[in-house]
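The following blocks contain the structures, represented as structure tokens.
Okay, so chain A shows up in both of these, paired with chain B first and chain C after.
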Partner chain A sequence: MIPDPPPVPYSARSEWADVVPIPQYEKANPLAPILYSEEYKDATDYFRAVVKAGEKSERVLQLTEHVIRLNPAHYSAWQYRYETVVDIQWPLESEIALMDELADRYLKTYQVWHHRRLILVLSKKAKEELAFIAKILQKDEKNYHTWAHRQWVLAYYNEDALWAGELDFVDTMMNKDVRNNSAWHHRFFVVFQSGVREGEEDRQRVVRRELIYTKQNISLAPNNASAWNYLRGVLDFNKLPLSTVTTFVKPYTVPLPEHLVDLVDVENPPPGKGAELPCAAAIEFLADVYEEEAQKESIDKAVALWKSLAEEHDTIRKKYWEYRIQQALLLL
Partner chain B sequence: MNDAIPKFARVGHAGHVNRCLSGLPGSQVEVDSARLALGFYCLGALDLLGVVQNKTSETDRASWREWIWEQQTQGVHGTGFRPSPFATPDSPIPEPYSDYNGPHLVMTYTALLTLAILRDDFSKLDRAGLVNFIRACQRDDGSFSIVPGNGETDLRTLYCAFCICDMLGDWSGVNVEQALKFIGTCRTYEGGYGQAPFCEASGGPTYIALASLHLAPRADDTLPLTRVQRTKSIHWLIHNQHTSGGFCGRTEKSPADACYSFWCGAALKVLRTVDLIEAESHASFIASCQFKFGGIAKVPDHDPDPYHTYLSLAALTLFPPNVPGEGPVPKSWEFGRLDPLLNGSEETIKWVREHAPAKFT
Partner chain C sequence: MSSSTTMRPSPIDSFPTPTSSAQAETEKILLEHLPVGDNTAAPTLQKNAHMQYLIRNIVQGFPARYTSQDASQPWLMFWTLQAFSVLQVGLDPGNKQKAVETIMAWQHPEGGFGGGPHQAAHLLPTYAAVCALAIAGKPGEGGGWDQIDRKKMYKFFMSLKQPDGSFLVAHHSEVDVRGIYCLLVTATLLDIITSELVEGTASFIASLQTYEGGFSSASQPYYTPSSSAGGPSILLETPRPPLGEAHGGYTFCALASWVMLLPFLPSSSSASQPKINKNSLLRWLVQMQGVPAELGGFKGRTNKLVDGCYSWWVGGAFALLESIGINPAAVVPGAGAPTAEKQDGDDWDDIDDSLMNRKALQEYILFAGQHPAGGLRDKPPKHADAYHTLSCLAGLSSAQHKVFPSPARRKELLDSWQATANSTNEDGLRKRVFTDALCYTEEEGTETIVGGAPNRVNATHPLFNLTITHTEGMMAHFYKQTVPPRVFKRATAGKP
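Coming up: the complex of A and B.
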């Protein structure tokens, strides 16, 4: 690809002849000076000049876009751009269209998302926004800013129509990668942290549904910390003891039996063929169940499980398992 | 762990950050709006390596101090530091800031720490103005924005505000109770914290939240966390150590990244746990992130940068390896001590706590 030729400097453009550029303030010997490109220096000299003059115009939108493309973290250019959009009543659809491109290009820059949020508050196009986010997440399925933006859109607009598609959306993401913790987190947010919506009033049914959903996912891929954390989260949030799922957990704490029995048990789905067992997360879970019982005999069982983690199944956390043993023995 | 850990290339790492201090190529222009933070990572790295005095000249240190003070700016929202003069128009004498080149909360925190590393006497600090600036950044929900007005807000800024209050010994500029409530809304079912309410638990915000909870002034009989919360946080943090020895920032998000060694490791320190981290495996991971010409990268075979170099050093300072083999630990893996709440060497933090507060004479 042939690179674009450098644009004509503002100083050589007749439509900017009325503006006197202002260089950057710099008196002391700078720390970590940046060797600015001529293009950046030129654009920011004009940016400082229009800010000083208080000009808000279409050409300021072009100028700030130019500065932002050269330095997407230039938060002052973003801020001035936003105020210009509002001041000259620039069509919000065209601003969002530009933001669609810039979000894609500078996915990990804070300012891109912050500006987008400010524009959305004005445009109120929340439904389209969820579709856009879904598209962006295709490229980077765990991008933090993008998920945070989705959570903000849902919470800020809080419309039933927006929430309605969220569980299906989570499923789509989870089907692609069952270890996508962002998707698991989002599910928790949708189901438990955003109020109770129509059809979800029967909370016991919801909890049962979530437990089954999680157990099924664990049976398909047992060594998935996201699913185990979700399981703990559901129980904890609904004030259910860990022992609620002991029957389910136990088969995951031992090696896979040679002959699997082909049974369908919705409440307690067994490990699937080829599962890598025993699973450290299951052993830890069962040890916690025993610890909750707080009896001498059960603590002994927990200690044995922690020892197996320290010595065999999860040696990187050896010190942690020894600490757990020590803490539990103190309780006795 | 029997494999010998390679040498820790102290001289190379000092060289990397020193090169950044002397100048950056135009391709790094994005750093301009966070240049003070970059300065902190570079000088902080030299501080943790114990070489500020012998790897920089007194002339340089004096001119850096002067440049940092030049970023202190006064105006309608009080006084603080801007990241660099990137948005400030040239003028014969300093002018009050406008709405577009005012102080930045995160940069103000890094400016104070960097001045302490440079052993400045803080006689130029506008303390009353600083308190006003912090007040102007706090929102009704308890959070803080990076600049007064419409700026971004998340947990980072809250931590920086708390650190500044702690350094000044003056909390009159913040509504602590409201801020603590905001932190609470960022906690997730996993035991970590997200960067804003409803967000996924991540290493950075979790350190920020836990350190802030422990920095906040509180009545003697109250705890920053309940026992159950603390247990859950430890569980989440410790599970972020990956089999490679490094840390991941979120559940099931590998590979490990050197910066999370600090965010997760320091968070565990803040919770005052005994040493739970497998320090030798961790040191092996950091060793593998060393760039052959100096500096530490986020993952092996990547370009180094001052951010990952500083945070790796800070993590190693918190949990140095007990290097296997006969005889004493090789000198290259020896470190001083770090204050896990304010994130600086103990000497530097002692300096800032002595010199930043107002003197009543």
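Coming up: the complex of A and C.
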């Protein structure tokens, strides 16, 4: 592929002849300079000049787009672009169309997502937004900004129609990768943290559903920290004791039995054939169950489990497990 | 640590997904960076190569690919200068002066600093510029410190304030806890932190904690509909959901912000007092340390890969735990700090009461974090860059040294405090901010250096990521205080 030729510099364009470019450093001979390309230097020299003059115009939109394409983290260019869009009442649909392309291209920068949000707030239209975000998340399943943006769209517009498809969306992402912690966090956000969704008013039923969902996913891949954290989160948020799931947890704290019994127990799905047990997260969980009971006998059991973590199953966190033992002994 | 049982790969449970495949690939590469066979030679910190790397960046300049950081020029400067400081190297007067002139070209006429000359003011470069000035600047004409416009900076900060106690990082920009951390550090160093500035901010920080225990970047406020047109609407306590999952960088910023806000929290245990869950935070932090197959480096989120930069964001956060009441040394009542009376030959395990694995973190940085051509990195086979160079070095520092809020040092600072002539209500707060920030001290006899003395780097201040000397210098100037000299006692050698 032949690369695009560099564009004609602004200094050679007649339509920019009225602007006097401003170099970056007027006096200081800087320490630790960046060795820019000529194209970047030229574009930002003119950007500084239009900001200084306070010009808001269509050509400023072209110039800021150029700077942004060369450096999408140039927050001042974004900021000035936003002010210009508002000032000259630029059609918001065309700005969103450009943002669709730029978000796709520079999805790891803060600014593409924030500018998009500013434009959405102005246009008040979120109808297509979730579908667009879903498309981006197919490319980068754990992109922090994209997930945070999706959560903002849901909470800011707070429309039943937008919330309605979220659990299905989480399932789509989870089916691709049950270890995707962003998807687990999103589920928690949707189910528990932003009010009660239509059809979810029966909270007991919702909690039971979430516990079963999590347990089934643990049974699929037991050594999945995301699922264990979610399990703790559901219990804690709903003020349920950890012992609510003791029966489920216990088989994960010991080696896999040689002869697995094929039984379907929805409440307590057993580990599958491929499970690598014992699972450190399960041992930790059971120790916490025992600590919660706060009886001499149960603390002894917790201490034994923490010791097994410190010495065998999770040696890197030895100091932490010893700390937990000390803390628990103080309870007695 | 190379026995086959402890180096086992992370379990996949016969259920591979993209996460477990990336994990397995990373573990394979990391293990290739351990010395092979009987070679048990201690790893070396290649100080000279890293110095050459830093000097090249600062003198020759950063290559064109750093154009993506054109709006982060103060960060490039701070990362480089602070990396020198951690490596125990000072800049010569000529380059210091040049650094100050460069930094001052970034100050915005309306207050705060931008990412470069003529760029809009922004909280992140403001932190980086002020901290770089703490290293290279000084009082007086042309020294930088007295050319910071603190009045306008305060006005700039207030103009970013939101009704939920948060701050935008810049005008028309996002809310992000990194910005709040940067604002609080700057305001603390420059003596412009006030109750007015931080009202509601602690509640905002508390709202960022997720069910996992770590913190996210922002939260979404919900308000009551205003009863009359244009009337006030009230921020609801719930729901106030975090936007985004628990993350190492945001968790450091949230925890450090929380610690800097402690002087402003009401001392009563009233219901309206914002709270964080300390136990779940601690659990999350320790869970971020990778297993031996990951060489004990830190990751930034659950089920993500280890990355050298979290050596500081997560590893460095452990030094702040004592400030929120988590202190393993004090766990046995009456036992006191067990470290003070240890003898030189004692096993390291006994003197180490840190909750992270300090040895393993150092090994990750030394074996995997160093690029052979100089500079430090995320993980092999990546290139080194300025950001990872400082993050890895600062993380190494936090794993070598135990820095804690010393009650004895606090008392010295309180005793020498000079009240201002026109004492105000805020003066008591100023005193508390000053002593809280400067009482951090390295605990004697607790250095644990993998590879021995040649690998030693400087201790850093756990809140600011500056050396303690630079922090004291700048704060003494702006608070108009004389800081009593530190008495460096040798570790007592056991016998009374």
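Note that in this section the second predicted complex is superposed on the first by the 329 of 332 C-alpha atoms of A that agree within 3 Å, B and C clash if a C-alpha of one lies under 4 Å from a C-alpha of the other, contacts with A are read in each partner's own complex, and residues count from 1 in each chain.
Please note the rule applied: contacts are C-beta pairs under 8 Å (C-beta built on N, C-alpha and C of every residue); 3 or more make two chains touch, one makes a residue touch a chain.
Since this is a predicted model, take the numbers as computed values, not measurements.
Chemist: Put chain B and chain C onto chain A via the superposition and say whether they clash or fit.
Modeler: clash
Chemist: Between chain B (first) and chain C (second), which does A:A155 come into contact with in this model arrangement: first, second, both, or neither?
Modeler: Touch status of A:A155: both partners.
Chemist: After the superposition on A, what does A:A164 contact: first (chain B), second (chain C), both or neither?
Modeler: neither
Chemist: Of the two partner chains, chain B (first) and chain C (second), which one does A:V121 touch, if any: first, second, both, or neither?
Modeler: Neither partner.
Chemist: Once the two complexes are aligned on chain A, which partner has more residues of chain A within touching range, chain B or chain C?
Modeler: Tallying touched residues of chain A, the top partner is C.
Chemist: Look at A:A32 in the shared chain and tell me whether it touches chain B only, chain C only, both, or neither; answer first, second, both or neither.
Modeler: both
Chemist: Answer with first, second, both or neither: which of chain B and chain C does A:G195 touch in the superposed model?
Modeler: Touch partner of A:G195: chain C, not chain B.
Chemist: Applying the touch criterion given at the start, work out whether A:E276 contacts chain B, chain C, both or neither, answering first, second, both or neither.
Modeler: The second partner, chain C, only.
Chemist: For A:E141, is the partner it touches chain B (first), chain C (second), both, or none of the two (neither)?
Modeler: In the superposition, A:E141 touches chain C alone.
Chemist: Should A:H185 be classified as contacting the first partner (chain B), the second (chain C), both, or neither?
Modeler: A:H185 contacts both chain B and chain C.
Chemist: Using the touch definition from the top, say if A:K176 reaches chain B (first), chain C (second), both or neither.
Modeler: Touch partner of A:K176: chain C, not chain B.
Chemist: Residues on chain A in contact with chain B in one complex and with chain C in the other?
Modeler: Looking at chain A, the two contact sets intersect at 22, 24-37, 40, 44, 48, 51-52, 70-76, 79-80, 82, 110-111, 114, 118, 142, 144, 147-148, 151-152, 155, 179-182, 184-185, 188-189, 192-194, 224-226, 229-230, 232-233, 236-237, 316-320, 323.
Chemist: Residue numbers of chain A touching chain C in their complex, please.
Modeler: Checking each residue of chain A against chain C gives 22, 24-37, 40, 44, 48, 51-52, 70-76, 79-80, 82-83, 110-111, 113-114, 117-118, 141-142, 144, 147-148, 151-152, 155-156, 176-182, 184-185, 188-189, 192-195, 220-226, 229-230, 232-234, 236-237, 272-276, 279, 314-320, 323, 326-327, 330.
Chemist: Once bound in the complex, which stretches of chain A touch chain B?
Modeler: Those residues of chain A that touch chain B are 22-37, 40, 44, 47-49, 51-52, 70-77, 79-80, 82, 109-111, 114, 118, 142, 144, 147-148, 151-152, 155, 179-182, 184-186, 188-189, 192-194, 224-226, 229-230, 232-233, 236-237, 316-320, 323.
Chemist: Could you list, by residue number, the parts of chain B that touch chain A in their complex?
Modeler: Those in contact with chain A are residues 20-26, 28-36, 38-39, 42, 63-64, 66-70, 84-91, 94, 98-101, 146-147, 149-152, 188-190, 194-202, 236, 238-239, 241-243, 245, 250-253, 273-278, 281.
Chemist: Which residues of chain C touch chain A once you look at their complex with the stated criterion?
Modeler: Touching chain A: residues 6, 10-15, 17-20, 57-59, 61-64, 66-73, 76-77, 80, 95, 98-99, 101-102, 104-105, 114-120, 122, 170-174, 176, 210-212, 216-218, 220, 222, 239, 241-247, 280, 282, 286-287, 289-292, 296, 301-304, 328, 331-333, 352-357, 360 of chain C.
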